[in-house]
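Here the structure comes first, spelled out in structure tokens, and everything after it is commentary.
Order of writing sets the chain letters: A, B, C and D. Residues in each chain are counted from 1.
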């Protein structure tokens, strides 16, 4: 078949963990010969709709990105270009026939990471550093908590929000503050958290991407998120001329291969692995559902 | 040794040539960076032109970007001419936007569109003006220099907006995202061109530039504000009320910046986030300086800056040159322009 | 003569654009000599001294100090060669102490300490030796004008200056302070220092200098021994024609135009009483800093009385405001023409109409009537002989004297009923003084009530009908000018008006 | 769980204060020196960004950490020279030029960074400055952890503040800088070249600013990101005012500001989000405005600040 022309528009530089997941999946799809991929990064809210329009006019059939900062305008653009499919990370729902959305659902993996983390703490206090308390972040942190609590019901939690999506030194300071307050396992929703853990010689959990190579002594588990299933579904719909104005989030589920845990055997407590693996299987089977709690953790 | 000597009279040709030379110098330097980035330089310039003017979309996008820059540029030009160093247009822009969004939402004013839109623009202007009146009051009352206070208030305003959109004005339907409630459909500015982002705010901005040019050149207020800027003591001795002039200038300047914010919300975005402005307030200062503080010049300077941003942004997409090149070009144009303008005022003697 | 030449300027030429400020000037100074430099405003005196000290670089010519040529444009070299300069506008940092102002730049910048203790001792010794008392730790901003001048001189002495240059040192000093200064200078000359000073006050020049050099249009036009010349000759040499100050003729005053009764302004003015009649000039003398500044602001409409009453033409004055007072027929000549009188970057015509721009004549519906404004300016330029620019050139291009004529003109063209003239000839040369005095006398002849505030006794004696002194915010009773002589005025300014009577 | 006041008793808080304050100390000292000579340098935000980028880049390409710091300082000096060239001999408006420098330096650093480091999934890192535990002192209870376990640049920043405070008050060079900032004509009359002093002060000050930026990538963190300076430069401008142009107070101001920030991060764990964190972040700005208010009466502002000096002109 003809290669599908796909454009990616990243609000942050593609170093940003979340964007890197999209970027890598898109690059991989291009390498597989499925699509032709072009992209722009660091596109500010003011420029974002223009980039969408430019790519649509340039003949791209599928445009992938994030409409968090431009929800209203992005839907407007999609309405103006009905011949192009849009697949956007969004807090809102899909719109029309061609504006599809997805959420970042790696909470299942976070739950499993929590189960591994629970017995590793000496103090029984766990920290988590988040960006801002939006549902996707909240769900993730809450799932990690539930995972910990399942194993260790008396665990205590500290949560800090740094008020921005991208300030690693600040995330690090927030992590250090939690360590000062007694936490000895950090859940790093934000890059920078693991640096604090590393500096203080404690352990931490990564999210979205695999942080272990970067912090081999520190990060023992990662709640990975994989964009490829969502992308593949959208590519398929686009090529088939099917309606793409739908919610693609379910392709993030573990059973679809959209998220999973990776961990370093040697770093975790051996006894905790079988229970975790059992749960993992249950999630994949559909016999266990990780609770989805979008409320702001305190 | 090189010495500078002030000209008693700057020839018109030189006054016109200076900005053009500055822009050429900036583009030449940008060419070097583009070449370093491994892209063909001439092709890059061509792509920039196409990106800014090569299609209906390009033209409307360039003009959409021009509108707020005209307004913030005017805000700076008006203030600087009266020697009111308003570095706070960025903050005024944000509070103006916030005011328009708050009053334009479904919990805000309930008026027919013909009244609602002007009322919201006015609200934005008032909010912007109020934010500048604070530093002005400190200057008039206590002699506190406004460069630093207006600069600092930008950050206070940004934090305030952030607080409001995470608090009282937070959109409950935004799934926890910090953004304000959107304005109602009736409050949105009519489009100038269908299926684009270009809205009537551009006409408002150009109209205001013409009005301000006339006011400065022909009116008593224009003359008095110039006198107040150039020599406050003499203006005062001649019966010009410095307080009166500065308050009016502050209202106009802050009002324009606030209006820019309101128009950006009503024309483009519909709600407020903390990244609503990619530095429109600061860029307004650049625009004003490029225009040598001339209101009509501001329109062209804003168009130039918008062209650079939009054109370079598009060029960077096409040729893989980092898109930060647009900011680099604008910054270099400003610096070159400052030098060119000052050299035009002086002759060099050895 | 066997007295050595300490300083020699040779063929100095300096151009600013088309204007030649110094034209092939050659000048010598001998040890122990007091040389006065004289000339019209803009004759090039300050420029010459700035070249000598290295502030400016000459286009041609050399400066030779103690037989060594100075490199151009290097104040530091001039200082090291033993030249000290007291500037027309003081060059002091107000927020620093006296000691800091004196020792700045005296040690290599790489040094690790300031050496304040030694400096303090040395400064005290110099103060004592030359009778220039100041407190080394006082903040310069807190000092009086006279004290600041002492600091300026001490700065030079501290650097072992052998040649001292003073640019219009007495322009801002009182009579007594000026006399004291010349005594000090004389003493220095006797100790072997050589001094050049600039002044527009011819009597001072004659009394203090050994030798006088006159500049005109950037050229040296004459050199005289002070003992062998006269005021009239010097004035003529400066201006290039005979100048005589006009004389006041007596005339009967009319009705009271302006009256102050029991006015207080904060704590600076207390129980002020005076009256000025039509066709009469009331002179107010006083040592600077005694409240005349506030008095000028009061009658210019810039200050409100906190007690008492101001009456115009027999009725209470409207709420003070510059515009209201202008509308009421008060013409106002500010103390400082550059600071208060003109907006340098604005056109001559704009400066001419600024204080009346709201009158229907010059604007309608908020729009300025530019043609009417230009016509008004042309009229003033013609009638008052303002030279050096058209109505459209920026006013900063006018010389001080011409700017002053324009300011006078914009007031007198409207035949004001009252004229407030504050230091109307400060810093002006002899020719310009004569012209300004002529205009003020003409206004009085035409029935204007003139309030003249001046620190210049000669000016008061020449123009006023009656005189009052201002001392510590209070006004003495008026005396007719016929009963005034310098001694009596001096006593009045010292605050003992009863003794003076 | 700690109580809101207990936070102050934790050594970690005070260690964080010193760490957060370090870039501010550098930046504030830099801005202060140039303002004492009469030149406002609003290029600070961009200069810090460039310093952060180039310092990191040097180390990433194999340079020593100290070399990285030095290269950053050098780059700051170059931008300072640009600012000085435009504002001192040419006498251009200082704040407009400064904003132009900020725009230029920051966009150029992003541009260079993007060219040099092609897009990759996760930001490359370096090994940053490590904590140096000062022998003996770091064994002290509380103080040891709070004060004497910092990275080398933090110790350097504090030492610099003291040296600069001494130099300004007690050396001929300091006096020269002060007199130039108060009245350049007075300086010139004393044989001091105001133009050279101003250029020198701006260049040196800008070098310090860039070192402050470099601290962010060489010690506070280990990678460079666009926008990572996050307005810290503007905070420095505010702190100079807050410190009434005095180096020792600048040190105190930077520490105070850092205390607000560090405390705010920790308070979240105690009281949740009861108080919007933005209020804490506003404090330094508002404090600075209030300080200006109080100071305006005492007129301690360098009198020639923002006034161009042109030789041979009135």
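The rule we apply is simple: a contact is a pair of C-beta atoms (placed from the backbone, for glycine too) under 8 Å apart; a residue touches a chain by one contact, two chains touch by 3 or more.
Owing to the predicted nature of the structure, the values given are computational and were not obtained by experimental measurement.
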Taking each chain's C-alpha mean as its centre, the one farthest from subunit C: A
Inter-chain centre distance, subunit A versus subunit D - centres from mean C-alpha coordinates, in Å: 35
Centroid distance [mean C-alpha coordinates] between subunit C and subunit B, Å: 45
Separation of subunit A from subunit C, taking each centre as the mean of its C-alpha atoms, in whole Å: 77
Residue list for subunit D, restricted to those that touch at least two other chains: 110, 114, 226, 278, 311-312
Residue list for subunit C, restricted to those that touch at least two other chains: 57
Two or more partner chains touched - positions in subunit B: 3, 162, 166, 324
Which chain pairs touch, all of them: A-B, A-D, B-C, B-D, C-D
Touching residues on subunit B, where the partner in the complex is subunit C: 1, 3, 5, 7-8, 218-224, 226-227, 230-231, 233-240
In the complex, subunit C residues that touch subunit B: 16-17, 57, 73, 300-302, 321-323, 326, 332, 334, 339-346, 350, 354-355, 357-358, 363, 366-368, 370, 393-394, 397
Subunit D residues within the subunit A interface of the complex: 1-2, 10, 12-13, 16, 19-20, 110, 114, 119-123, 125, 131, 216, 220-223, 225-228, 230, 261-262, 265-266, 268-269, 272-273, 277-278
In the complex, subunit D residues that touch subunit B: 40, 42, 82, 86, 89-93, 95-97, 99-101, 103-104, 106-108, 110-111, 114-115, 226, 231, 234, 237-238, 241, 276, 278-279, 281-282, 285-286, 288-289, 292-293, 296-297, 301, 306, 310-313
In the complex with subunit D, residue positions of subunit A that touch it: 13-15, 17, 20, 23-24, 41-42, 156, 158-164, 166-170, 172-174, 176-181, 191-192, 195, 199, 209, 211, 214, 296, 298
